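Across the two complexes that follow, chain A remains constant while its partner is chain B and subsequently chain C.
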Partner chain A sequence: MALTREAYRALEDIVGPENISEEPANMAGYAYVFMVQPYMQSPAEEYFMPAWPEAALLPGCTEEVQAIQRVCNKYGIKSHAFGTGWFPGSLAGSPNTITLDMRRMNRIVEIDEKNMIAVIEPYVAVGQLHVECIKKGLRPHVIGPGPTTSSLASHAACCGMGPSSINTSHSSRNILGVEWVLSTGELLKMGSLGQSGEWFSADGPGPSLRGIMRGYMGSFGALGTFTRIAIKLYPWPGPTKHESTGRSPCYDPIIPERMSSYICSWKSWDDMHEAQYMITEAEMTYSGDRAVAAWHGAMMTESNQEFYELWQKGILQKNAFAFGIILGGHSDGEIEYQEKCLKAILEKTGGWIDEELEKVPHAVGSNYWWHLWGGEIIKGIFRGTGSFFCAATGDDTIDNACFGSYLGDTLMKPYIDKGLFLQEVHNVWGSNLYEQATIGSHHEPLYQYDPFDLESTKAAIKLGFDSVGAAITEGVGLGFFENAGEMAHTMTSPHAHDFHKYMKKIKRVFDPNTASDPMGYCEPE
Partner chain B sequence: MAQKDELTKIIGKKNVLDDQKTLDAYSRDESFVIPVRPSCVVKPTKNTEVQALIKWANETGTPLVPVSSGAPHYRGDTIPATGGAVVVDLSKMNKIIRVDRRNRVAMIEPGVTFGEFIAALDKEGLAAHMPLVPRSTKSVVGSYLEREPITMPRHHWDPQDPLLCMEVIFGDGHLFMTGSAAGPGTLAQQWENKRAQIRPMGPAQTDFQRVVQGSQGTMGIVTWLSVKCRVKPELKKSFLVPAKKVEDLLGLVQKMQKVLLGDDCLILNSHNLACIMAKDSSEVATLKDALPPYVLFISAEGRGVSPEDKVAYQVNDIKIAAQANGLIPLEALPCGLSADDVAAALAKPSDEPYWKNKAKGACRDIFFLTTIDRTPKFVKAMFDQAESKGFSPNDIGVYLQPTVNGTSCHVEFNLNCDSNNKAEMAKVKGLVNDSLVFANMGAFFSRPYGSWSDMVYRRDGETATFLKKVKTIFDPNKIMNPGKLCF
Partner chain C sequence: MALIDWKADMVRCERCSNCKWVPWQKGPGLEFAQVCPSISKHNFHAYSGAGRYHSSLAYVTDKIGYTEGWLDIIYHCQMCGACDITCKTNRDMEPQEMLLALRAQCVEDGQLVPALMDVMEGLKAEDNMMQSKKADRGNWAKGLKVKDLTKEKGEVLYFAGCRISFDKELQKVARTAISVLKKAGVDVGIFGKEEACCGGRSYEMGYQGEIESFSENNAAMFKAAGIKKIVVSCSDCYHSFKVLYHKIGRKLDIEVLHITEYIAQLIKEGKLKFSKSVPLRVTYHDPCHLGRLGEDWIPWNGVEKKVMGQLVLHDPPKVFRRGKYGIYDAPREILRSIPGVKLTEMKRIEEYSFCCGAGGGCIDSDPDYSLWVAKERITEAKTTGAEAMVTACGWCERNFSDAVNETGDALKIYDIIELVEQAI
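And now, the complex of A and B:
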């Protein structure tokens, strides 16, 4: 259903004719991201979301976003903000929806070095922010998808785990200020911003509206559009500029003084997780996350052929239970402490640093990049089959993550045995530890399905749902995908105090005319 | 049926109090909030009783006012704003449900005080994240729900720390668990599956706990919290850094936060430090005279596989950073006060009398958030304000607490006063109620008690509008502590 000409003209008046389009060729670009096929349970040739946006707009400022929302309310249109488009949650999910492409709002408004705060607009990419922050001895939290993704999107509206979470937390925990255009077009400046115009705290006065804005997962634009946020920055012990050698896609970093990159291995999940307890208790890493050796293999190789040859050597298999670590000290004493701790922990838990693995070209360097700004895995994980999906993830203790890993292995095995996914058992890939594991341990059992194969695609979504069911029946807990969207809520909410009922009320109260696309969140009450 | 009979049916006769002495006690506190006598005080012992109370309150339209800590109270949030309210005193719900050393977490009911909590953790090799020397009757749950700052900004990642998950009975009567505690499974099943209720976010796409925290009991009644703890250090090195002015200390504070150095990190003026460390009122003045105007207290704790090395490098780096800022960290001040003694005082609740009351018998606080670099202008403004109102600057305590890894700073002024001196109390009341001067300078009153709520919600009408919408979701009949905040 196309927009009425009256509505289109009203929107065009706001952003100007050069910043609005309803051309199908342009709309296609807003109707596809990876993972779409499993969600649609569709064959590979069905690349696109069934509901294309009616139009795409490029607002240039907060006032324009507000005006657009008022038009949406007047004409019964829904909007959906589109950041850098990593995740299906960024796509229009229902008819009569317009996409707000935020790329014109791309400024780093401020980096407050003294108070370790950055104020950013929606289209500021993680990599862009990272290089500006390290000039000031600071760094932002990054999510796994890495440097090309919107920092604002992950912090305010989407997911939030990343390779450095052990010291940079979860995106939702790093928010210090928010400028939020509600679905109604009203502008909410949260916390200190609303009271005093300062960007240092988003909680209060009284109850925190951060709790409505997002939870473990974001609202994916279903409650409005975030036009500016302030985030917390973290220490950076390295130089003001990254130096590297080599060529794309495997640049090798010159690892700075007082920093080290290691891939540590253990003989089982249990031993590795025991080590994780010691690592976090000693607060001795700059960054560290569980990424099995196949993950590292994908990062350190330049092609599938190279990965296959490496796999044939057996180096990755013998280091299946791997944990990447970056040590980084602001002083000689600090780095010496970290090195000493790592050695002691490896000794106590039977872990090792495999010399053969470290000698593989790009092994140490790709681990370094991954932890600094994520993304390093992206070239590898898509290269195998063209896409990947994720099974159930419980986020609680390290022991719980260990339990979830075994469960992931078990669930995945029948599919792997049938040749529906690329990898082998035990290659349940990523996992992050938030805040030295004091607020949880995330694990992502990832699997590479073939988007050009209907059976593999169907298997991907089936395993997704199998794993949600298993998370409930086996008690792993709720996390990640089972937490977002109406379909997942229907399965999980009855087992979690009917949280869905409150979310539906929130949607109704904050968006009375459903002027924001509910896809990825929930329909109103 | 009379109200008392109905309440007795819900929670038993001995837990329903309506004698005049009790009602008087719950009708007023140490704040400037107008006294209002409740119609009844009830003391539930379990969550099902709390849920039944809320159901009854919805049916009868009776306001409920929850309170966790023992008297004296200071903020006015536990005093009914309207007549006919029932105070729900949670002090009998005082179980330490679980202490989990491996995952550094504990689960506690609202009636647990810091003294009880510290003792239970100590047995398991853990330590609590402490606010600044809480009074002996202070509820741990109450403190964390109020977002009181802790003394270790390095471990304060988010304003909600150290609160993790909670069980709350919302104003609509629904029993709810937040974060990873939400489910699936009962708590026992979750423990069986190696979960420990440590992920605060969620469930799903709402952070329910953030809506409850800071709400002064206006959204629901919390019946347990899971809270972050830290491993009890195997060794700890503490320092006192003296300075003439606050400004002199800020470079070191910011450096420590920027490189995650040290554990405790807070600034006290001589008055507050003397009140905390003196044995009694007679000693306060003497000690205060011997102290430098401002003192930064810092510590480095050692735990894990190499605790000695952890402390050693931190001590070395702290000394280097201090030297770069023209400061000297001391193990003891020239007057003999040792850093270890201060560390010991900060690790436990206040002795009696409560340190804030030690100098003159009473105290009223002004507190808000800002950033570390802006603190000097607020300190100056406080003393200017005091002078303009004729309040003695000698009676002002200053406490500056970096929060959220140093990205913000809690500023607290403790106005020591004599509650029998009407003229002085009028001045104090004027200072507390005239906090607009700080708001106009950029202070953020994130915890608006008493008269501050009007001030902050007038300044930020949008937030008030949306909080009222939130209130309709969780407490549609407005039975939870009506008249507080903007509700």
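And now, the complex of A and C:
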């Protein structure tokens, strides 16, 4: 259903004619992203989202977002904010929705060096923020999707774990003051921002709604649009600038003094898990994450062909149970301690740092980029086949991650045996560890499928559905990809205290006219 | 390859948006982090490399048809290759080839831009992209004592190109090049008014048939004159002779050198020596067609295959052009060797350089947009503290000069050969 001319003119008056479009070719750009079919459980032949936005708008400030939202309420339209757009949850999921592309709101409002806080707008990319922060000796929490993605989106509205989580935890823990345009168009200043205009706390003295705002998974824009947020910053041990050598496609970092990049290997899952617990307990890593042989092999090579040739050599398989690490010390003594600590853990658990693997060009460098800010992820999980989805993801202890990965492996095996996914990568799971891994070991049993191959895509869709049921039956927990949205929530909610009912109540109270697209969250009660 | 042949790439573009940004490993912060002029100006996702993949997917699957808006997206692109290279830092895909196929499809379907149709009429009638008379093409060389290779044989041809031949303010570039080459003892000649377009810009505008006849004609003229080395100041011509002719199956059996490559070589051989100081703080703008698009064409004729289940490979293995081997060092070596010149780099350089704005027909189809891009680049150049921006392409110099004239900026714009001449 196209917008009425009256509604269109009302929106155009807010953002100006150059910042609104109904052009179908433009809308196509807002209706496509990887993993659409398994995420939406839509047909394999259908590459786009089932519903395209009626229009796309480029608001330039909070007041414009508020005005847009009021128009949505007046004319019965839904909005869906779109940060950098790298996830189906960014896209309009239902008819009669307009996309708010936040690209023009791209300012770092402030980096408060003394209080270690950054205030940012939606289109500040993780990589940009990182670069600006290190100029002041600080660094932000970074997420797995990498430097291209919106830092605000992950902090306020969408998941939020990454390789640095072992040190900086989860996005939900890092958010401070929030400026939030509710679905009604009202402006809510959350936490200390609402009380004193200061950005230092998400939980008062003003109202704290952090759990409602995002919880663990995030609301994906279904409760309104976040226009500014403050986040915590952490000390950065390196110089004020990232430096690298080489030219496209592989740039090798100049690893700073007092920083190190290692891929550590063990002979079994159990040994690796024991080491992971020790590493988290020691609290000495800058960044640490599961080094999956196939991903890291792809990251350290220039092409699929080169990766395949490396795979044939068997070096990667020899290091199948591996964990990548960056160490970073603020003094010679600190880095020395970290190095000794890592060495001791390796000795205790039978681990090693493989010299042959380290000699592979770009191996150490790509490990550094990945752990610095999720860099090289595109090489790692997209270059091979073009897309991926996950079976039985979860966030819990390392033991649960281990169990989840075995479950994922079991679920994937029949498809892998038929050649429908990238082979030789079973036991694949990413593992962002946070909070000593007591509540935070994020795992993604990930399967890479080819979205251009119908049979491969059909398999991805089927496994995406089946894995929700399997996660319930086996008690792995609520997953990341396959548990977002109405259908998955309905399946899992009865097994988890009927959380879905509460979400529906929240949606109704915060969005009485359903003026925000429920995509990725839930329909109102 | 036709547009539909790129459908797999369209589907496999996961929308990571790296095509919009300077490679992250180069540490772009808030300023000058965007690499694509089109999305920088227009902001809607469809104006990026990934966006054009997705809109094209909608087109080839009949979700959308031709509209004014779709054509606006297609033609507001400099074809500068920035998205191509930044995509290929991560992926085995070919955005630039898809964009070329998309424009060719438009032309085939009669979906044309009036301003570009005028340019094409001029090309067909007068063998140049400047809508000027062919008879005036050799005017730039009036008074120069230089060998006419349409009348006598010679081994080194200086090919001026359309822009430099007809643009009165830029004709000095060709005259200076001849002067410098002669001072280095090079027995250089020209085609004068008989020189014809290389065909490259029309190819990138979607008119892919034209280059066939121009390449055939040019190759015949080169052969007839006994040419062994072509030297060009225009990066578009360089790209045509070195890359496009090879791509369309008419690889020249002649050495193709950009003037910067040749000058750097002559300096190394001791045939060019600088005796004067040129006290100037400069920054260097990498022309797209000399830099990231300037590396050799790598022919490949094969099929896609799968191994390890779904890992996409090519049979025979395909080597992707990723911008690594563009001409980046030669111009910098020249600038560093000129006494007094102090080179300071901009943030966006080499394979992730920002376009001047003139490419892809944009200078003709939407001059305001073209100038907006140039002004963005000039803003970046000024942050280096440079007094002058040096480039190595007539199209870049034209667009930057126009932008500076419009803004009143004090930044001087030079072709690199002008500084070489001053230093000799």
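Following the convention adopted for this analysis, the second predicted complex is superposed on the first by the 507 of 525 C-alpha atoms of A that agree within 3 Å, B and C clash if a C-alpha of one lies under 4 Å from a C-alpha of the other, contacts with A are read in each partner's own complex, and residues count from 1 in each chain.
Here is the rule we go by: a residue touches a chain if its C-beta (ideal position, glycine included) is under 8 Å from a C-beta of that chain, and two chains touch if they have at least 3 such contacts.
Computed from a predicted model, the values in this text were never measured in an experiment.
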Joint occupancy of chain A by chain B and chain C, clash or fit: fit
Which of chain B and chain C A:G211 touches, first, second, both or neither: first
Which superposed partner A:N115 touches (first chain B, second chain C, both, neither): first
From chain A, separation angle of chain B and chain C (C-alpha centres, steps of 10 degrees): 140
First (chain B), second (chain C), both or neither touched by A:F389: neither
Touched partner set for A:W266, first chain B, second chain C, both or neither: neither
Partner chain in contact with A:F323 - chain B first, chain C second, else both or neither: neither
Which superposed partner A:F226 touches (first chain B, second chain C, both, neither): neither
First, second, both or neither for A:M278, with chain B first and chain C second: first
Chain B versus chain C as contact partner of A:W295, first or second or both or neither: neither
Shortest CA-CA distance in Å separating chain B from chain C in the superposed model: 22
Overlapping contact positions on chain A, where the chain C interface meets the chain B interface: none
Complex interface listing, chain A residues touching chain B: 112, 114-117, 137-138, 169-170, 172-173, 176, 182, 186-192, 194-198, 200-201, 203-212, 214-219, 232, 234-235, 237, 277-278, 281-284, 330-331, 333-334, 336-337, 340-341, 344-345, 348, 394-400, 402-403, 434-435, 437-440, 471-472, 474-478, 483-484, 489, 492-493, 495-500, 502-503, 505-506, 509-510, 521
Chain A contact footprint on chain B (complex, rising order): 102-105, 147, 157-160, 164, 174-177, 180, 182-185, 189-190, 192-216, 218-219, 228, 231, 254, 257-261, 303-306, 309-310, 312-313, 316-317, 320, 369-373, 404-408, 439, 442-448, 453, 456-457, 459-460, 462-463, 465-467, 469-470, 472-474, 485-486
Residues of chain C touching chain A in the complex: 7-8, 11-18, 20-21, 23-30, 33, 43-46, 48, 50-51, 54-55, 57-59, 61, 63-64, 67, 69-70, 72-73, 85-86, 88-92, 292, 306-314, 317-318, 320, 322-324, 350-352
Residue ranges of chain A in contact with chain C within the complex: 19, 21, 23-26, 28-34, 47-48, 56, 58, 84-86, 101, 103-104, 106-108, 124-125, 127-128, 131-132, 135, 146-148, 241-244, 247-251, 253, 302-305, 307-308, 311, 369, 373, 375-376, 378-379, 382-387, 416, 419-424, 448-453, 456
